[in-house]
Amino acid sequence: MSTDATPTYPTSLGTSTAEEIRLLGHDVAHDLMGSVGLGELALWLMTLERPDPSEVRLFEAVLVALADHGFTPTAIAARLTYLSAPDSLQGAVAAGLLGGGSRFLGVTEDCGRWLHAALEERGGDLPEDEDGWDALALAAVRRTREQGRYVPGLGHPVHKVRDPRTAALFRIAEDEGLLGPHLLLFEAVGRVHEQVLGRRLPLNGAGVCGAALADLGVPVDLLRGPALLARAAGLLGQLAEERRRPIGMDAYLAVDRAAVYVDPSA
Amino acid sequence: MSTDATPTYPTSLGTSTAEEIRLLGHDVAHDLMGSVGLGELALWLMTLERPDPSEVRLFEAVLVALADHGFTPTAIAARLTYLSAPDSLQGAVAAGLLGGGSRFLGVTEDCGRWLHAALEERGGDLPEDEDGWDALALAAVRRTREQGRYVPGLGHPVHKVRDPRTAALFRIAEDEGLLGPHLLLFEAVGRVHEQVLGRRLPLNGAGVCGAALADLGVPVDLLRGPALLARAAGLLGQLAEERRRPIGMDAYLAVDRAAVYVDPSA
Amino acid sequence: MSTDATPTYPTSLGTSTAEEIRLLGHDVAHDLMGSVGLGELALWLMTLERPDPSEVRLFEAVLVALADHGFTPTAIAARLTYLSAPDSLQGAVAAGLLGGGSRFLGVTEDCGRWLHAALEERGGDLPEDEDGWDALALAAVRRTREQGRYVPGLGHPVHKVRDPRTAALFRIAEDEGLLGPHLLLFEAVGRVHEQVLGRRLPLNGAGVCGAALADLGVPVDLLRGPALLARAAGLLGQLAEERRRPIGMDAYLAVDRAAVYVDPSA
Amino acid sequence: MSTDATPTYPTSLGTSTAEEIRLLGHDVAHDLMGSVGLGELALWLMTLERPDPSEVRLFEAVLVALADHGFTPTAIAARLTYLSAPDSLQGAVAAGLLGGGSRFLGVTEDCGRWLHAALEERGGDLPEDEDGWDALALAAVRRTREQGRYVPGLGHPVHKVRDPRTAALFRIAEDEGLLGPHLLLFEAVGRVHEQVLGRRLPLNGAGVCGAALADLGVPVDLLRGPALLARAAGLLGQLAEERRRPIGMDAYLAVDRAAVYVDPSA
């Protein structure tokens, strides 16, 4: 923007005239409504490339895997917010999404980013066979541990042996011909990490989702995005249930009644 | 909850064991991933009834219609939040959704609620033909105007003659055999309102979406919910674009540089 | 804004030049920092009139009364959000404030608004003595009950006989010569409501805060504002404690472990 | 929490009985309301030590310095959210606070954290005179630059020569006998950085606030907290002004009308 001129604001997304509403250069009413699903549209909006049906199927599978995990901290936070402010559904959804940070929803992002960095370091040249992927994975896991950091996407507090979403997502990706470099590298991490860590951990569902999203072309800085979209759907389910069969008041009272005062100087 | 016992928390949504993750009583990895889309899952979570393919198509069309409308206040708010706090994608999405209130995203809810109330007042007995729907619509529009209130879903600041989404959604609903009472009543409002208001206004897209959602079984208190889900996808598009081709800084500076101090006592 | 000219944006708040930062027309560094407290500044920003020390004392007392009520739903929501996203303190504070809606923080607003409406109906002419205030209160309580609505500010789930904040705030207002029409009318409601409701309820703390804020000139549409500001301070305390002595994980696990699956068709 | 027992939730903050409301072990109605201001309470809640009047004055000066900076991205985001959802004041405040992240409000945290780390590295042993502080500052600035990182708290886009808040805050701290190690080190950074950076930059207001907060005992992980509290007050001023003299619609239309469609494949 030059300071002496009125700025203009470039966009490739929604525009409209009196007659027509366009999105990504397409006529929303004629070309998109009825033909495109929300998942497909979301991926398209993030990558600016229209996904093909295989990519849509893989992407929707990721979204379904991430949508709801029951009484998570974010689901409870959304329900408690709805209890306090039932007039503002958007506030309850927003409160739930605000938990989508480094710790609970962050594994998807961290894992995609870690895989991406490992591939970047190698440049464009990819391994040709399983041994090659294993060697790349082993080097990346070693380097990460030497830096005193965790390898993201390994282990799960509940699914200690195997996370059922992992096999499902690999199978769908394979069916659709979409086993890209991030998924292949993640699979190799599953084979080799025991050599470095000294114990076998399952590849977790959040991690494999990050790998798949990176293969689908979602920019690494936005990997948290699809998790937030998926969670928005899950939160609507949680809030619909809170309306039908509330638990927020009980959950709040259970904490409040078990409060124990501790002297602040203790 | 009895006060002397540990509370339990009933839910029909996500549960998991070491071996399995379930959602709505189905195995997520085997029955849902790869078979169900996010839109379908969201509707199912809100209504607790698995939608059939026709219902999914109509619901996805509503979501696509509501996903992105370009540089809306909520899109700009999300971009400005991302500019200030790029480390927290969830905060930028949440800020955008917080504009999903009475004024901009509210028409969908207001319209569905208005149609629902008009049908409720009549009890279960629905009109049998177009004349019957027209009479019902006319009575409802009259009553609303006599109460000094607006009829929601009529008129649009840009699409002054016709909103292209309206015809598209009616066509899809008709194709799928899903012209339910809310859509039929809304269509009748389109035919008769001129008799009361003295001028012809288009049925707007947000309104027809509210009618369709109500026909799809979304509870009236949650009608804002699908709009929020759709908008979450749109906001990911806006934030992906802000990352690629930012406008937030220019939009902010355009306001800041044109600030004019006014004496507070003026 | 005319469409053919660059808009300008009037403001009486913050402006700055290379040399100086101004707020409300005052030099921030020389006139405000060190002389004005945040409470004083907040009231000034909302009313555009610089409060005198008596008004500041009453306003700060309201803020202190509303800052923290222990393990409220909003405090728990903020802690759960911090647990999930410890990298984003702003998200945890925002999540806590989003519960500041109609149900938990709303009494302050509802009560101030109710008192304001009762005074408005009467016009500028105020009662001259206690009997006059009682008559006005009685009429307003009667009318509200006849409309099937609740009188806000009466009763409290814990403080069933008296809310200790109520007497404290009336005492401070009296000391400072600030018993204005909203507080006087609220006091009269305390004396007369039993005649209509058939039982004696305490004037609650949230209600008396709403009355005091209205007397201090806070616009009725913004009465929720000071409660949000006060709560922001309380939430910082909650989050500081969550950091030192966390309860979020336990509160979450207590819900998750007591989850009981219910068939959705039940 | 043991898994076989009902958990208890320790807290030193708000508790209440039918007769009494306590906060930090004090009777809210008798000991706090009318005696303590919100700023004082906030600092107390974060540090668990009751601040003395000097500390309160310095803390309030920090809050006033950070409360409002006019049409910032966060202020505009809050106004646009209020425009879209005027029914939810809490949503507009929350949206504004969500911009309190790494880029705009983050300098306060970054600077306090940087100073804290430099002092930590040295252990408990502090310099005895200005030369000692200068040596410590010089080493810290050098190390930071060698790591390719910025020294936080230096420079300002508008206040290129001096930030008027900096001198004001140093003066208040000196008046109150509160020039602690973080402020002394920051002052030394101001004297020595030119030797490393090759040009003279002003110590900015956000940075000096971070130094003062660290000296006041605010934990480094919560340094963003007071900035959020201060900003909550500023946002109430922005929203009060948006109600009186709105600019949100014009700001939105100025962007929307200057939108230029760009082919997504470009």
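Should a chain be cited, it is by its letter among A, B, C and D, assigned in written order, with residues numbered from 1 in that chain.
Going forward, a contact is a pair of C-beta atoms (placed from the backbone, for glycine too) under 8 Å apart; a residue touches a chain by one contact, two chains touch by 3 or more.
Because the structure is a prediction, the values reported are computed rather than measured.
For the pair subunit A and subunit B, chains touching both partners: C, D. In this structure, the chain pairs A-C and B-C differ in their number of contacting C-beta pairs, and the larger number is found at A-C. Work out the mean CA point of subunit B and of subunit C, and you get 31 Å between them. Computed centre separation for the pair subunit C/subunit D is 23 angstrom, with centres defined by C-alpha atoms.
One inter-chain figure worth recording: subunit A and subunit C are separated by 37 Å, centre to centre, where each centre is the mean of the chain's CA atoms.
Each of the following residues of subunit D touches two or more other chains: 6-7, 9-12, 15, 48, 70-71, 85, 87-88, 90-91, 94-95, 98-101, 105, 245, 247, 251, 254-255, 259, 262. Every residue of subunit D that touches subunit A in the complex is listed here, in rising order: 6-12, 15, 22, 24-25, 48, 85, 87-88, 90-91, 94, 98, 255, 258-266. Interface residues of subunit C facing subunit D in the complex, by the touch rule stated above, are 1, 3, 6-7, 9-21, 23, 27-30, 32-34, 36-39, 41-42, 45-48, 57, 60-61, 63-65, 67-71, 88-91, 93-95, 97-101, 105, 158-161, 164-165, 167-169, 171-172, 175, 205, 219, 221-222, 224-226, 228-230, 232-234, 236-241, 243, 245, 247, 250-251, 253-254, 257. The part of subunit B that touches subunit D in the complex is made up of residues 6, 70-74, 76-78, 80-81, 83-88, 91-92, 94-95, 98-106, 245, 247-248, 251-252, 254-256, 259, 262.
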